[in-house]
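Look at the two complexes coming up: subunit A is in both, with subunit B in one and subunit C in the other.
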Partner chain A sequence: MRRKPILIALLTLLAGSSLMFAGTVSGKVTYTGTPAHQKAIDMSKEPSCAKQHATPISTETVVTGANNALENVVVYISAGAPDEGQVPTQAITYTQKGCQYLPHVLPMHVNQEFEILNDDQTSHNIHPLPKVNIEWNKSQPPGSPPIKEKYDKAEFIEVKCNIHPWMHGYFAVLKTSHYDVSKEGGDFKLPNLPPGKYTLTAWHEKYGTQTADVTITGNETKDVNFTFKATAY
Partner chain B sequence: MGLLFLAGFVSGASAQDTPDAGPKPSLVVKPMESHIDNITGHAANAKSDYRRYCAGCHGDYGDANGENAVWLDPKPRNFTLATFKCRSTLTGTLPTDEDLYNTLVRGIVNSNMPVWNTFTKQQRADLVAYIKIFSPRWEKEKAGEPIKIPAEPPVTIDSIAHGKALFTKLECWKCHGPHGEGDGPSASTLTDSQDNPIRPYNFALGKNDSRFKCGSTNQDIYKIFMTGVDGTPMPSFADVIQPNDAWDLVHFLRTLQIHRHGKENEVLMSAHGVIPPYVDKNPAPAAAPADNKAPGGGQ
Partner chain C sequence: MAKFFAITIIIIAIASAIPILRHTWAPPEDISTHGALIDEQLSETMAEAGISFLAAQFVLAFFIWKFSNPAPDAKLKNFPGGAKGLVIAAFLVVGIEVMALGIFGAKAWANVYLTPPAADAMPIQVQAGQFAFYFRYPGPDGKFGATHPELINEGQQNYYGLDPEHDVDARDDIVAAEMAIPVNKEIHLLMHSKDVGHSFYVRELRVQQDFVPGLDVSLHFTATKVGKYEIVCTQLCGLGHYNMKAYLEVLSQQDFDDWMKKETAMQ
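Here is the complex of A and B:
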C-alpha cells in the first residue's frame, strides 16, 4: 500500500517532465511565383458595411505580405498530436463585421464549441458548406444572440453568406489544438510540444497542403518553413 | 398524359443502358424502413420502382448522377448527402419519414420532380425507406423533431403590417425582392450548395393555385422559412422569429401572391390595398431596401 503514493509521485514527475521539456516548432510560410490578384470588393449595395472601410477591402483568397509572405495558412500537427480527443472548453468566436469574416480562417478542435457573432447592422446568413460534417444554414439579423455550434469531424469547411456573396471564409476543424494561422510576415508558431515525432501540415485554401516531419527531443525550437507555389488563377 | 410521358422518359433512364465506364461497386440494399401512419415501408421492396422511376435522375447510387441529371435545372437531390429541402425539422437535421413521403406525394413545383400519384401508399413508403440506403446518416441519427407550430391566429391588417415589417427587418427582400418578385439585390448571385445557380422564389408569379416547393398551405410556408431549405441559400429563421411573429410573416407573404384569392388578400383589399406602417414598441435598426421601394403587396 505504501508504494501507491510513490507511484503517483513518479507519474506526476513524468507528466511534469514532458512539459518541462516542451519544444516549439516555428517558421514562415512563403510563396514562389505570381499569386492570384485579389479584387476590390464593391459593397455599395450594403452601405452600412461599406462605410466601415475607409478604403475598399479586397478578397482574401490569397493574402500576401512583404518578402513573399503567405498569410492565412493553417499549420497544425496532423500526426502524432498528443491532445487528440482533448476538447478545449473555451469557446472561440467568428465575427461578422463590416461584411467580412474575422478571422478569415477559424481553426478549432473537433467538438469544440464556437460562437458566431453578427456585429453588423445588416442581416447575414451563415452557410458553412461541409462535405463530411452536417450542413446547416441560419439567418442572423442584427442584434441576434450568438449562434453556438460545433463539428464532430475533422474537415476544412468553406463558409459563405448568400446575402453578401463576397463574404467568404473557412472553418478548419482539426483533431488537435496544436495549430496556428500564418500572420503578417507568414510567421507561425506551435509551442508546448512534448518530445516526439510529428507531422506538420500546412493548408491554404487555394494552394493546397504541404507536410513536413519534425522530431522534438527536448526543450528546443525547431524551424520548419513552407513554400507554396502560387498560381495567378 | 404529361405525367405518363415523364414517367416513360424517366423509366428509360436506368444506368444499365449506359456504356460501361468500368466496374461499379455493388449496391447493398440495407434493411432500412419507413413508417407512414400504420404502414411500414421496406427498402428491399422498392428496388425495382427506384431503378425504373427514380434512378434516371437521382442515379442508381443516389448520387444525383442519373443520365438525365445533366439536363435538369434545378439538379436532382443527391441522397448520399442526406441534405433535404423540404423538412418539418430544424436545419441540419434529417427529415421525418412523413416529410419525404409528402415530397413524393406533392412533387416539387418548378422542378422536374413530378407528383408520384400513380404509386400506392405502400410503394411510396417503400421508396422513402429506399432513399435511406444511400447515406450512413440514416443508420447513425434519428430524424429531427418536427417544429411546433401554434394554431394560426386570425388574419388582420395588423398581422399583415407586422409581417411586412419583419420582411423588411429580416431582409427577406435582399433575395426575394421588395415585392417578392425574386429580384432582390442578391438574387443574381445565388448558388446552391453544389454551386449551381439558383433563383429565389417569385411570389408574384403564378395564378390562384400557385405552390411553393415544399407545399401550398400556410403551415407549409411557416415551416419553409422556420426550418430553411437545406442545400440552398434559404436559411432557417427558427432562432430569430417568435412563433406568433412567424404567422404574421406568413400572412404578409400571402399578400405578395397578388393573383391568389385568399383571406390575406381579402383583408388587404378591405383596407383598400394599403398596408399601414407597423408601430414597433421596441424598434431595432433595420436597413431600407436598396431601390427605396416599399416591400410588399400594399401601397
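Here is the complex of A and C:
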C-alpha cells in the first residue's frame, strides 16, 4: 500500500524533469533584396475552382509577409535529432481545394503515413516528383476516398497535378518530427528539445538551404534567425 | 427471308438519311469569315457521299430481292462483256469525284492556311501541353520573347520558358489561360506543342488544327460574332485529355482593351 504514493511521486518527478529540460528553438525567417513577383493564377479552365477564389490566388513560390518575413520555409533538425526512426502514428493530410494544395509545403517524418484529399468537384491527378523515393501519380476523381501514402527516404519532393498545371507544392520528408514551417510573420518554433547539440536547417523551395548550430542545455528558449537573399527572378 | 433482308436494308438506309436531311445535328452557327466555304464544302461532301451511299444500298437491296432464290437448275452467268469496263468506269467516276471535292475544297483550305495573313493581323501564340492551353500576346513592344524549354516552370506560371531576367522582349509578354480576341479583327494563330500531339478545335470558328510536336503550325481567321466559345483538344493526348479545354472570348475592341489591361495586371 505504501508503494503507490512513491511510484506516483517518482513518475511525477520523471515527467517533471523531462519537461524541465525541454528546450525550444524559435525565430524568424526573413529575406533581403527584392523577392520574385508572384503571378496571379488564371483558373478559367476549371470554373468550379475559379469561383472559390474571390480574387485570383497567386503562385506561392515566394510568399512574403510584413517586415520582410519569408513564409513556407521548412525549419528542422537536420543533425542530432533525438527522434530519428520514431515514426509518428497519426496521419497528416494534404488537401486539394480550389485547385490549390493546402498546405503549400507539407513536412512529414520518413515512413509517416499521409492522406491526400480531394475537396474539389473536379478530378485531380497528384504527381509528386521524387528523385530517390519511388515515383507515382494517382488520379483522384471528386468524392474519392483519401489516397494514403508514405515515403521511406528523406527528400524534398516537388508536387504537381497532371490535370491543372498551375497546382504546385512540396512534400518535405524528414528524419525527424522536430520541424516547423515559417508562417505569417516568418515565425517558427521547435519545442520539446532535450538538451543536446543540434544542427538546424532552413529550406526554401527557391532560395535553397541555410544551417545553424544550436546547443540546448536545459529548459530554455534559443533564438535562431535565418535570412535568405531574395532574387527578383 | 431474303426479301425481308432487302427491305430492312432500304429502311435502314432511308432512316439514316432522314436526320441528315432534316439537319438534326447541324453544326452551331458559324462565327468566322471563312466558315461559309467550309460549311458549303461539308454539305457538298455529305450530299455526294449520301447519294452514293443510298444508291449503293438500293442496288444491293434490288440484287438481294431479285437473285436470292435462283431456280435449282439456273446456271451462273457472266456479266455481259466482263467486269473490266465496269471497274475502269468506277475508278474514273470515284476518282474524278474525289479530285473535284479536293479542287473545290482547296479554296476553303487556302483561306485559312495558304494565303498569308493581312499585315495588321494580330499575332497570338498558343501552346498546348498536357492538359491545358496557354496563350501568349507579344505585349506593347509587339515582339515575342524567346522561349527556353529548360526554363519552363509551371509552378511559377512560366509555361513558355521565358527569361525576363535577360530578355527584354519577354518582359511585357502576356501569357493567359483564356484566349480573348477583338471581333472582326484578323488573328494570326501561331501554334506549337510542349509535349505530345494535341488539337485546337473551336466548332463555331470552323477551325480544327492539330498540334504536331516539333512543328510550328500557323493559321489565320477572323471572328465575326461577340461571345464565349469553347476551345477543346480533339487529339487523345493522355489521361487528362477529357479536361483539356480553354475559352475563346470574342470581345468588342473596348472590352478587349479592358481584358488586356486586366491580364497585364495579372502577370
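Simple rule for what comes next: the second predicted complex is superposed on the first by the 215 of 233 C-alpha atoms of A that agree within 3 Å, B and C clash if a C-alpha of one lies under 4 Å from a C-alpha of the other, contacts with A are read in each partner's own complex, and residues count from 1 in each chain.
The rule is simple: a residue touches a chain if its C-beta (ideal position, glycine included) is under 8 Å from a C-beta of that chain, and two chains touch if they have at least 3 such contacts.
None of these values were measured; they are calculated from a predicted model.
*Asks:* So if we stack both complexes on subunit A, do subunit B and subunit C clash, or do they fit?
*Replies:* Subunit B/subunit C on subunit A - steric clash.
*Asks:* So, A:S48: does it touch subunit B (first), subunit C (second), both, or neither?
*Replies:* first
*Asks:* By the touch definition at the top of the document, which applies to A:L129: first (subunit B), second (subunit C), both, or neither?
*Replies:* The first partner, subunit B, only.
*Asks:* Given the touch rule stated above, what does A:N219 touch, subunit B (first), subunit C (second), both, or neither?
*Replies:* After superposing on A, A:N219 lies clear of both subunit B and subunit C.
*Asks:* Return first, second, both or neither, reflecting whether A:A40 touches subunit B, subunit C, both chains, or no partner chain.
*Replies:* A:A40 sits against subunit C, while subunit B stays out of touch.
*Asks:* What is the contact status of A:P141 with respect to subunit B (first) and subunit C (second): first, second, both, or neither?
*Replies:* first
*Asks:* Quick one: is A:Y233 in contact with subunit B, with subunit C, with both, or with neither? Answer first, second, both or neither.
*Replies:* After superposition on chain A, A:Y233 lies in contact with subunit C alone.
*Asks:* Counting only touches as set out at the top, which of subunit B and subunit C does A:T32 meet: first, second, both, neither?
*Replies:* A:T32 contacts neither subunit B nor subunit C.
*Asks:* Just checking: does A:T211 make contact with subunit B only, subunit C only, both, or neither of them? Give me first, second, both or neither.
*Replies:* neither
*Asks:* Between subunit B and subunit C, whom does A:Q121 touch in the aligned arrangement: first, second, both, or neither?
*Replies:* In the superposition, A:Q121 touches subunit B alone.
*Asks:* Where does subunit C run into subunit B after the fit on chain A, at 7-15, 241-249 or 259-267?
*Replies:* For subunit C, the listed stretch overlapping subunit B after superposition is 241-249.
*Asks:* Once the two structures are fitted together, what part of subunit A is touched by subunit B and by subunit C alike?
*Replies:* The answer is residues 45-46, 122-123, 125, 139, 162-165 of subunit A.
*Asks:* Which of the residues in subunit A come into contact with subunit B in the complex?
*Replies:* On the subunit A side, the touching residues are 45-46, 48, 121-123, 125-127, 129, 134-145, 147, 162-165.
*Asks:* Can you list the subunit B residues touching subunit A in their complex?
*Replies:* Interface residues on the subunit B side: 81, 83, 91-92, 137, 169-171, 174-175, 185-186, 189-191, 193, 228, 230-237, 239-240, 284-287, 290.
*Asks:* Okay, in this complex, where on subunit A does subunit C touch?
*Replies:* So the residues of subunit A touching subunit C come out as 36, 39-46, 56, 59, 61, 122-123, 125, 139, 158, 160, 162-166, 168, 232-233.
*Asks:* Considering the complex alone, what residue numbers of subunit C touch subunit A?
*Replies:* Interface residues on subunit C, with respect to subunit A: 129-133, 154-157, 159, 164-165, 176-178, 238-240, 243, 245-247, 265-267.
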